[in-house]
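Please find the structures below.
Shared chain: chain A. Partners: chain B in the first complex, chain C in the second.
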Partner chain A sequence: MTLIKFEKFAVEFTLGNGRQFTALKGLDLDIPKGQFVCIVGKSGGGKSTLVRSLAGLTLPTGGKLTVDGQPVTGPSRDRAMVFQEDTVFPWMRVDENVGFGLQGLLPEKKRERIEKWLQAVGLADFSKAWPRELSGGMRKRVALATVFAMGSPVLIMDEPFGALDFVTRANIHAILLDLWRASGTTVVFVTHDIEEALVLGDRILVVSDGRILDDLSCDLARPRDEDVLGSTKAVGLRKAIIGHLGIGRQPMLESADQ
Partner chain B sequence: MSTTRTNGQIRLLSVLTLVSLVVIWEVCAQFSPKTALAQTAIIPSFTDIFGRSLLGMADYWKFPFWAPNTSMGGQQTYLGAILALGYHSAVTISRLVMGLAGGFVIGVGFGLVTSWSPVLRQALSLPINMFRMVPLLAMIPLFQFWVGTNTQGVVTFVIVGTGTVFFVGTVNAIANVPVKYTDYARTLGCSEARIYMSVVLPAIIPELLSSISLSLGLAWSAVVAGEYVGIDTGLGRILTFAQFMSQTGRMALIAIVITAYAAASYALCSYASRKLLAWRRPNER
Partner chain C sequence: MGEAVADRQISSISAPMRPQAVALLRWLPGLVGILGTVAAWHLISEARGNVPSPEEVVTNIWTNLFSSDRLPGIGLPKGGYFPHVVSTALNVLLGGTVGAFVGTISGLFSASSQRFGDVASPIATLIGTVPIVIMAPFFLLWFGLSGLAQFALVAMYTATTLHLFAKRGAENMPKELLEYASILGTRGWDQFFHLRLPGSLPEIFGGLRIAFAGAWGLAAVTEMLGAQFGSGRVITALRAVYDLTGIMAVVLLLGAMAILLDILLLALRRYILRWKIS
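Showing the complex of A and B:
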């Protein structure tokens, strides 16, 4: 069942010099409920514009975007987002951050929900800590707990783990996949890291120059350990993505001209 | 260990510098020329400041109880001096607090409203920035005409002076709130009003505290200057009388008292800052 539907979706920006820049060029895309979709591509290719549009933070200049049949006209608690930057509020303690999106709940229910999700991301002992007292990986876990606590049917993630080291990232991938499986949330995850897309995604979209160049099904067995990621299927997917990104084919001068 | 020693050495250096300045002042006082009117030293000695001049403060005790009133033929006493200093200090500080509080409420409130509305922000940008350029002290005579030579006049003067600083500080602080926080709050389902209360307001506190610190200095200058011109109570008024009579020791004493109060108010502001910004790293508070 399709949950997210982009139809001829276009976004144009007016640059500082008055020129128009087309970030998304009439994109068509259907995302079924519960799928983990990874979007990979070069910087400036339209990945972030696509997910910001889904979050309602960027409005289209053409086409249509619906979530569960409803047109997206702005941000909504049905589409929570984890950003590339560190957005955990530094002036709130960890538990206040996690409870920030839980408006309207009775205090007891809210407390229960906060405790449950802090437990789920392994931060139960840090509920009263200030964000400055946590590492970058722990702050990302706070962000994860915050968005999962809200129970949004759609979770948007824009290169959320780009600044983390390899081990921290691997740990947080495991946590994210556990939470995703348990919640049934539909995840749209932007990354510039092909390996990250192969570890996480059910489906990998290669986006470049405002278009979807390829839509790859990534039905590798889970958990995706070294054996799975070294399998012929994974190697094939990796090759296909690298091929689309044009690594080693595009001379620097040609790229600069564009 | 070495950090502690270094801090201790730095503190010792500060104390030595202060002591040296006091000694230099005292030496200069011994060779100071006299004023033409009262034959007082242009640079008063500390013996004069904390002896004769302190005792002379009793002249400003105008009540017929607790201590002798010198204008009714009473003797100068240290009790009278302390009571007079306490009374006039209380009057000045109350004017400062009222002015600062008024300036904060009006400046910050107006800044919040202005930042909410882009049209209002653009409309007020030029006039407010022009108003900031007006030298505050040059406005005192005008304020005396508008509000009167009384407590309300001084308080209004402080409100206008500090309110402008708070307004500009608030507008700038709001403009500097990282968009990532407001975007994040929107995706968490926050209304614009809640974003303002729970995201924008806490985010601007560090910059607001800087404005408070800046306004404190301005408020002390404004309140003393306001009292200096015409009003009959407060530390600024004692300065005026002392100047008329060329009583340099009394002028220096009041300057020292005001410096002590200003330092105490800065210390209070710094303490509040540490408490309110507990969420920041200690070196960022």
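Showing the complex of A and C:
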């Protein structure tokens, strides 16, 4: 069942010099409920604009975007988002951060839910800590607990783990996949890291120049350990993505040589 | 041999310092600065006959703090320096608090609403550039010699400073935090109290310290221009009889009060910004 639907979706920006820049060019995309979709592509290709539009933070200049049949007109609690930057409120303790997305709940219910999700991300012992006392990976786990505690049907993630080291990132991937499986949330995950997309995604979209260049099904077995990621299928997917991204070609250097 | 040296280095690096030693080290530069100033002051007074020595000034404070035979003789009410300094302190505290409140609110609103900012910010900048000696006579004409003029002037200048600092604090808040908050369902007043205000507090405290440091001077100058009571009034009366020691005694008392208030502000800042300051 389609949950998210982009139809001829276009976004244009006016640049500082007055010129128009088309970030997304009439995009058509259906995302079914519960799917983990990864979006890869070069910087400036439209990945972030696509997910910011889904979050309601960027409005379209053409086309239509609906989530569960409802048009997206602005930010909503139904579409939670984890940003590339630290979005943990530094003046709130860890439990207050998680509880901030739970306004309107009775205090006991809120407490229960905070404890549950802090437990789920392995931060139960840090509920009273200030964010500055946590590592970068732990702060990302607070952000994960906050958005999953909200129970949003759609989770948008814009290069959330780009600044983390390899081991921390692997650990947080495992936590994210556990939470995703348990919650049934639809995840739209932007990354510039092909390996990260292969580890996480059910489906990988290659976006460049405001268009979807390829829509790849990533039905590799889970958990995706070294054996799975080294399989012929994974190697084929990796090659296909690399082919689309044009890695190895250096047009600027070539033209300079000429 | 080499290992022994390395061991010695490690033990000297890792040996924990006693808390008293840490506290002393923290206060030491300030203490050295004060002692250096007093020593320089002493040397200057020795070299020039018209500068009272630190000893004379301290003795003057001791003699005239709570009761003074001298002050009624130069047209001031009975009592010592203390009630005058307290009066100035009250103007600073009350005026500063009201001004800080108004300035913070208007600064934060200016950052949230462009229309409000377009109206309020130029006014704040304009007021901030008018010298106190030009503004004070108007306030004395409008509010009289009752002390309200001092209160109003301190409030106005504090509000101006806090407006600019609070606005800058709110404007410098990462855009992602505001977007994230809007996704979490925060709007209007919720956003104001849970985001813009706490996120701007580091800047607001910076503004508070600057505004309050300047407020003592503002209050005293306004009292000098026209008041029946207060430190500025005492300085004016002492100036008329060329009592340099007395003037320096009052200035020193005002300075001590300003430092005390700053220490209190720092303690408050340390508590409120405990999420930021380790």
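Just so it is clear, the second predicted complex is superposed on the first by the 251 of 258 C-alpha atoms of A that agree within 3 Å, B and C clash if a C-alpha of one lies under 4 Å from a C-alpha of the other, contacts with A are read in each partner's own complex, and residues count from 1 in each chain.
As a convention for this text, a residue touches a chain if its C-beta (ideal position, glycine included) is under 8 Å from a C-beta of that chain, and two chains touch if they have at least 3 such contacts.
All figures in this text were calculated on a predicted structure; none of them were measured in a lab.
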Superposition on chain A - do chain B and chain C clash or fit: clash
Which of chain B and chain C A:166 touches, first, second, both or neither: neither
First (chain B), second (chain C), both or neither touched by A:55: both
Overlap of chain C and chain B interfaces on chain A (superposed complexes): 55-57, 74-77, 79-81, 83, 85, 87, 89-92, 100-101, 103, 130-132, 146, 150
Chain C to chain A touching residues, read off their complex: 174, 176-177, 179-186, 190, 194-195, 198-199, 201, 274-276, 278
Chain A residues touching chain C - in the complex, by the definition given at the top: 55-57, 74-77, 79-81, 83, 85, 87, 89-93, 100-101, 103, 130-132, 146, 150
Residues on chain B engaged by chain A in the complex (per definition of touch): 178, 180-181, 183-190, 194, 198-199, 202-203, 205, 278-281
Sites on chain A touched by chain B in the complex: 55-57, 74-77, 79-81, 83, 85, 87, 89-92, 100-101, 103, 130-132, 146-147, 150, 156
